[in-house]
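Going by the order they are written in, the chains are A, B, C, D, E and F; count residues from 1 in each one.
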């Protein structure tokens, strides 16, 4: 490798991407709640997840959002799924596309997983429109 | 619902889609190996997975392929992952895009899962080019 | 295949089986809450899960219920587990048999999974008797 | 509790049940291969899995076998699945019933899991008949 | 094996270890809530999990606690994770060490898993100090 | 954050730690096999997994190795488990401690997972001594 990007650079780049995907308000609230205990994981996630992977333009953010809906369903992580349904809407994934992604999880991950993700997604979509 | 598509229709539609994604040769070989024991699951998969979900044009096949690479990594199903890396290449997913999808799994599903999927994908990509 | 059952047929058959297992009241409430967003998954589940698999008389409903208690514990899907504990009671699985199934999960799926399923099952069993 | 069964008793009871389900030959071979390193897990499994859970007559061995096929599919443990397909055949589960259990996993655990389990089961069933 | 420890012995030894790790108050409350339905799993867990594994001095309780934080994160079992964060604090695992264990899960189990476990751990740590 | 460590620094630090844990020979062979396709994941893993997490002295390498044995068992990743059994031996984890960690997984992750990990560990331990 020859890469002199610093961890500070990655953190800043990650904060920008995170705000773009999840919304500046959401991110400010998250950062305001960061404690000494949770700071290391918040920094880790901002750097690597947002600053390295999401910031790579090898895939469009809209595609990354759809991948996350599928993966978070397979991983059974409903809290993060809710966060990324909101991100998907911000990234231009339509409700019909969210339906399609989740129907595909029914076949590959199983029906109980898909039913749970439909419940989570429906709730977030309603809140998204209520706050729009 | 008002849908008089029959199970035979779904099976035929599914076989067409399956051939388009995985290649006619691959599908003929699979069907030739079907035994009485495995026939029910082969029919089930052809109808619902290929005839219902994959045949729905609400998402492009290329997008469905990328979702599968991510989900199959999360589900730890390397055999099916191999099948769908080939399908992804047939559907126009580039090697660079496969890399991106798998790097994203490193963050969400974890490093051991991503390393395994890189190994599977690399092997299938080589075979794909050798047979091209 | 030679099967001219239509998707409408599967849906009707699935609704009948779903009512038999989960109770007509429960199913009417579920269907009343269906939105445009969740309709596709509800139809998919009714057709394939209830109309194809549960409606196959190759296994007794009582056996299918016990399989579901074990699988939903392994899959860590507590919401659906609650639904299927109720279904198991409707299908004649006794409380002692539910105990046995969940004790078996302790050995194969691990102790934390079994403890969670015991909590879910105990709550549903109490409600079942309170409403009887 | 008031239970003065000793660990030795559990081990003996477990060995009997294990031989009954998996076959005396299979168990003798397994025990002959036990090393100092693997002895503790072999004893643990014989005592608790076979001596406590499988030896409890609250469920028939045939039912326990079907639960295991479903759970091991959900847990993605193909080696143990193979062992328990053989056990299922010994316990009187028919091939048609194995098909039904695995088709049910397709809906709840997803299609890739069911396809893998069909492959494992078909192989073990063939060997079972070849050695009969 | 030659081991005439009885199941009663294991239960007593397990109760002692459970009180030492989780606190006598916590255990008394748990046992007071045991119903006829949940008694078998409580006894099973006390005997094998606490009486056999935790009571084996081949690893220090502090090490066992750290292993549990990592495994329960991987297994996505937040309720039990909360119980074992408290146990970890009782066993002398420091908050900084809990952070380190959970940061390591971010790499191997993925970021969504680690974020959830940080939330659970932070809540339990606050309650632990509030009640100290 | 205020951290001007560059990605090159992390990569170098990660290579050092990786060699220390897995052995210089093993790492040289791995790097020699790196292709253009797999280079990004190898760099990602070296930087973040080895350069950030493993290089943090908040936990001893020996403890990190034991955590990995438990997590990789829970994640059902046998290939990486083999790599980290070797790492554990290099980091001073004794065979008796490996047994203890894996027996603990039997209770929390389930018996099939523990049996598989015992098989993997036994094989790696034999090779380790054969090459010593």
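Definition applied: contacts are C-beta pairs under 8 Å (C-beta built on N, C-alpha and C of every residue); 3 or more make two chains touch, one makes a residue touch a chain.
Just so it is clear, the structure is predicted and the values come from calculations on it, not from any experiment.
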item	value
Shared chain contacts [chain C and chain F, defined touch]	A, B, D, E
Per Cα centroids, the chain farthest from chain B	E
Farthest chain (mean CA position) relative to chain F	C
Homomeric contact chain B-chain F: same or different residue positions, threshold half	different
Whole-Å separation of chain centres (CA-atom averages), chain D against chain E	28
Rounded Å distance, chain A centre to chain B centre (Cα mean)	24
Centre distance in Å when chain B and chain D are each reduced to the mean of their C-alpha atoms	31
Interface hub residues of chain A, defined as touching at least two other chains	44, 48-49, 72, 75-76, 99, 103, 106-113
Residues of chain A that touch chain C when the two form their complex	76, 95, 99, 102-103, 106, 110-116, 118-119, 121-122, 125
Residues of chain C that touch chain B when the two form their complex	1-8, 10-11, 43-44, 48, 52
Chain A-facing residues of chain C, complex	35, 37-38, 40-41, 44-45, 48-49, 72, 75-77, 79-80
Contact set on chain F toward chain C in their complex	107-113
Chain C contact footprint on chain D (complex, rising order)	48-49, 53, 56, 58-59, 63-64, 66-68, 70-75, 96-97, 99-101, 103-109
